[in-house]
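Take a look at the structures below.
The following pair of complexes shares a single chain, chain A, combined with chain B in the former and chain C in the latter.
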Partner chain A sequence: MDPYLVSVLSNIGLFSFLALSAWILLLGGEISFGQQAYFAIGAYAAGIASAVWAWPFTAAVLWGAVLGAGIGALIAWPAARFTGVHYAIATLAFAELTRAALNVFHYQRDVDGYLTGPDGANGFGDIRWVYEAGIEPGPYLAVIATLLLAVIALIGLAARLDVMAQLRMVGEDPILAAMQGVRVLRWKIGAAAAAGGLAGLGGGLYAHFATYVEPAQFSVMTGVHAVAYGLIGGLGTALGPILGVLIDIGLLESLRALAAYRMIVFGGLVAIILILRPRGLLDETLVAKVRAWARR
Partner chain B sequence: MLDLAQNTMDGIAAGSAYALLAIGFTLIFGVMRRLNIAFGPSIMVGVFLGAWVNAQWSAGLIGATIATFAGALVASIYVERLSFAAIRGDAALASMASSFALWMQLEQGVALAFPGRTTAFPTLPPLLDVQFVGLILHGDDILVLTVAGIALFLLHRLIYRSHFGLEMRALADSAEAAAVSRVNTKRVAFLTFCLAALIGAVAGLLIAATDGQVSPKFGLWATIKGLVAMMIGGLGSLRGALLGGLALGIVEAQAQWYLGAAAREIVVFGLLFLCLIALPGGLAGMRETGAERKL
Partner chain C sequence: MGASLDITGLTLRFGGVTALDGLDLSVASGTVLGVAGPNGSGKSSLINVLTGHYQANGKIALDGQPIEHLATSERARLGLVRTFQTPRVYRRMSVIDNMRVAVHATQAIFRGRSDRRHRDGRLRDDLAIFGLSHRADALPDALTPYELRLLELARAHATGATVVLLDEPSAGASEDEAHRLSRILIEHLMPGRTVLLVEHRLDMLRALCADLVVLRAGRKIAFGSPSAVLDSREIRTCLMGEPVDA
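== the complex of A and B ==
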């Protein structure tokens, strides 16, 4: 496959993890401007594990995801009592705190004669496990795609087991859900842990794809994009946020003739979509219609 | 001790601009119950128009001021029409996402029109620094505080002494009750949006004129500062927005002086996070509880 296409597809896959992470929280009724923090935590944790501690790739990426989930739950424990703008700004504060802390985070060790590890604002390079193992970009794309499909399958399974329905209940009307015996706070913390783990997984994969990460990549802009993906693509299904990423990265990369105006085109397109379909392209109504049609 | 007092004074001057931004956010949130994250970028459009008018016709500070107000107003109306008026009442999230999309548009529009990293903006007229028991009050700061004070005074008169202000407060209190009382809610919401744009433009003007330049990063910067100050003060409270802006300015100035620029960010966002958890009602919520004072 064309190397450029592989790199675009890899980016779409990697940012899908971040978009899904924000989407899960949206279902639970919370807007997070801070999922990029868990992406960063996953990227740094997995990068340190494989490049500095010489862990194998699988263990390193898993460690990034676990750390993302743990910190996600820890932050949600006080923050999940809030809703709306309050939650959004609390997550934003945590994410900016993480970025600012990474700016002064130095952890460089001697690995084979080279200083390796995060160097504050200068970033963290030489996360070379994948290249040293001789894995080409093509097969690595397959790794990303497989994991993404596994996540979607897991969400599909959760929908079968009514997990998603309960989460949506919590998001739609927490008081009514609590009256039905749903443990609202637990669901919100659980959703935040799942979202943190997903973003951490994506971050770990991203670090090994890019081989270099720096704190500036994990700015508020990244987090707001992640929320916007779900809202554009639709809140009805896990394919919604992925469609959002496809529209942003895929469509805009194919419109390279309009490169200078791409954000103007994208912004206008999104504004129109949201006027016509306030809950995104693949909203709940459309998903329900497709389900009914498929059952027939 | 002297440093502490000096930093506090410098912080108050910077904080008065933050307070205006926070008040702009609060006005919009108060009547719309939705977040307009394109508020900062809309102001940025105004500031850049001011810079352009100045460069084109060497219009000076007066000309740039008028252009800044006009630009912020036009950009805000564009955002209001597309992201708020056109989107269904029950879709608050869609409005927020849409305002983000328009932010991208405004930011790229500005970056295309002004390719440089920074663009010059006319500076404030030079005023002498005032010395007072060892403290220095900078001439620029005096001017900033005066202008911000006048803007706040006029705003206070408008909100608490005029019929329009009454309608605005009624709408902030309850959209249904306001509509039943024959308040034209759409018109009031639109005008409040315009008012917020003008208040924000004053803040943008003061910041740009103090720095003598603007950059396309101003939009993000203004949105973050305004949101943070609003939340520190307490969501929905105008007095809280004022307090939150000043508090943010003072904390930033102290942290910058004692700990340096890198630690400043950590301190500010760490404190914000703790403040949100420990004081969900913000500074204003410490005394007032409940909904008696939404605007």
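== the complex of A and C ==
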């Protein structure tokens, strides 16, 4: 496969984890501008585990996801008591704190004669496990795609077991949900843990794909994009945020003629879609219609 | 199926306004208690306190067990369910999904597929009882206000609630719709359940309630059988205003 295409598809896959992370919180009725923090936490944690501690890749990536989930739940425990704009600001503040902390985070150890590990604002390079294991970009893309499909399948299973429905209850009307017996705070914390875990998983995969990460990559704009993916792709199904990533990275960033105008076109696109379809292209109404049609 | 509901010394204040003022009430298991009163007398506050949406002083017991310290969701899990003056449903879910999530909210997540299918069949039966089968796959925005009311009642019925708090079920209904609602309540929702019926229509209160309590400024000013209570000229004046002489 064309190396450029492999790289674009890998990016689409990797940012799909971040988009799904923000989407889960959107279902629960909250906008988080801070999911890039968990992406960063997953990237740094998995990178340190494989590059500094010489853990195997699987354990390193899993560790990034677990840490993302744990910190997601920990932050949500106080933050989930906020709603709306207060929640958005709280998540944004946490993400900026994380980025600022990574800017002064030095943890370098001697690995085979080289100082390896995060070096503050200079970033964290030599996350080389995948390359040293001789895994080419093509097969690594297959790893990303497999994990993404597994996540989508898991979300599909959760939907069948009415887990997603309860989250949607909380998202649409938390007062009614509570009066129907839904433990709203637990669901919000659970959603934040799942979202943190997904972003952490994506971050760990990203660090091993890029081999180099730095705090500046995890800026507010990354988080804003993550939210926008769900909002333009649609909140009705897990395929919505992935459609959003496809539109942004697949279309705007990758078509070289458009690349220079990407932010302008993307911003305009978000505005137009939010006016015409406030819950995105694949919204709940469309999904309900498709379901009713499929049942016939 | 019903559970008794006992309220002792319930007091709720919003700043300087006293919405409920040391209210005592008892609803025996499986009976219907009507609640009437002018606007601002505390009827809706009472429902909001019972569900735990407002925190008030005083005691609330469900089947003898104190519940005033429980969160809203835990009270719902004990079978305490309410309807709203303006029907409240999930606008982004179809009618059948609204039924499904209400029933599943309190139940274990991990169930077999046949179990779920069986439940879906039962939910469609429930919709049929309330005359909504043809609307099962519609979104709530396509429903008339009366149909939304029926959906709320069908939902309360399907959850197997033991205590149902009805907040003005006839609000916005035509004369004919109010009659049909009364019949549905008597035939399907009320049997075996403990019901608190907040209502303005005196004919509905007469037809549906064993006992009637009249509130004014958060206090009980009358209690007894609906006919006895509503025979009092003073109470009728309180509820309907001064009669105008021709």
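To be clear about the criterion, the second predicted complex is superposed on the first by the 294 of 296 C-alpha atoms of A that agree within 3 Å, B and C clash if a C-alpha of one lies under 4 Å from a C-alpha of the other, contacts with A are read in each partner's own complex, and residues count from 1 in each chain.
Rule of thumb we're sticking to: a residue touches a chain if its C-beta (ideal position, glycine included) is under 8 Å from a C-beta of that chain, and two chains touch if they have at least 3 such contacts.
This structure is a prediction, so every number in the text was calculated from the model and none was measured.
Enquirer: With the two structures laid over each other on chain A, which partner does A:Asp162 touch: chain B (first), chain C (second), both, or neither?
Expert: second
Enquirer: Considering only touches as defined above, state whether A:Leu97 meets chain B (first), chain C (second), both or neither.
Expert: first
Enquirer: Check the residue A:Ala177 against both partner chains and state whether it touches chain B (first), chain C (second), both, or neither.
Expert: A:Ala177 sits against chain C, while chain B stays out of touch.
Enquirer: Quick one: classify A:Ala294 as touching chain B (first), chain C (second), both or neither.
Expert: It touches nothing on chain B or chain C.
Enquirer: See if chain A has more residues touched by chain B or by chain C, and give me that chain.
Expert: Between chain B and chain C, B touches the greater number of residues in chain A.
Enquirer: Based on the superposed arrangement, let me know which partner A:Glu284 touches: chain B (first), chain C (second), both, or neither?
Expert: So A:Glu284 only meets chain C here.
Enquirer: After superposition on the shared chain, which partner residues are touched by A:Val270: those of chain B (first), chain C (second), both, or neither?
Expert: Only chain B; A:Val270 stays clear of chain C.
Enquirer: For A:Met1 in the superposed arrangement: first (chain B), second (chain C), both or neither?
Expert: Neither partner.
Enquirer: Per the definitions at the top, what is the overlap between the chain A residues touching chain B and those touching chain C?
Expert: Dual-contact residues (chain A): 279.
Enquirer: For chain A, which residues are in contact with chain C within the complex?
Expert: Residue list for chain A touching chain C: 161-163, 165-166, 168-169, 172-173, 175-184, 279, 284-285, 288, 292, 295.
Enquirer: Which residues of chain A touch chain B in their complex?
Expert: Those in contact with chain B are residues 26, 31, 78-79, 81-82, 85-86, 88-90, 92-94, 96-97, 99-101, 103-104, 121, 220-221, 224, 227-228, 231-232, 260-264, 266-271, 274-275, 278-279.
Enquirer: In their shared complex, at which residues does chain B touch chain A?
Expert: Per the stated touch rule, the residues are 29, 35, 37, 82-83, 86-88, 91, 93-98, 100-105, 107-109, 112, 220, 224, 227-228, 231, 235, 262-263, 265-266, 269-270, 272-273, 276-277, 280.
Enquirer: Which residues of chain C touch chain A once you look at their complex with the stated criterion?
Expert: These residues of chain C touch chain A: 51, 53, 71-74, 76-77, 81-82, 88-94, 97, 100-102, 104-106, 109-111, 137, 139, 159.
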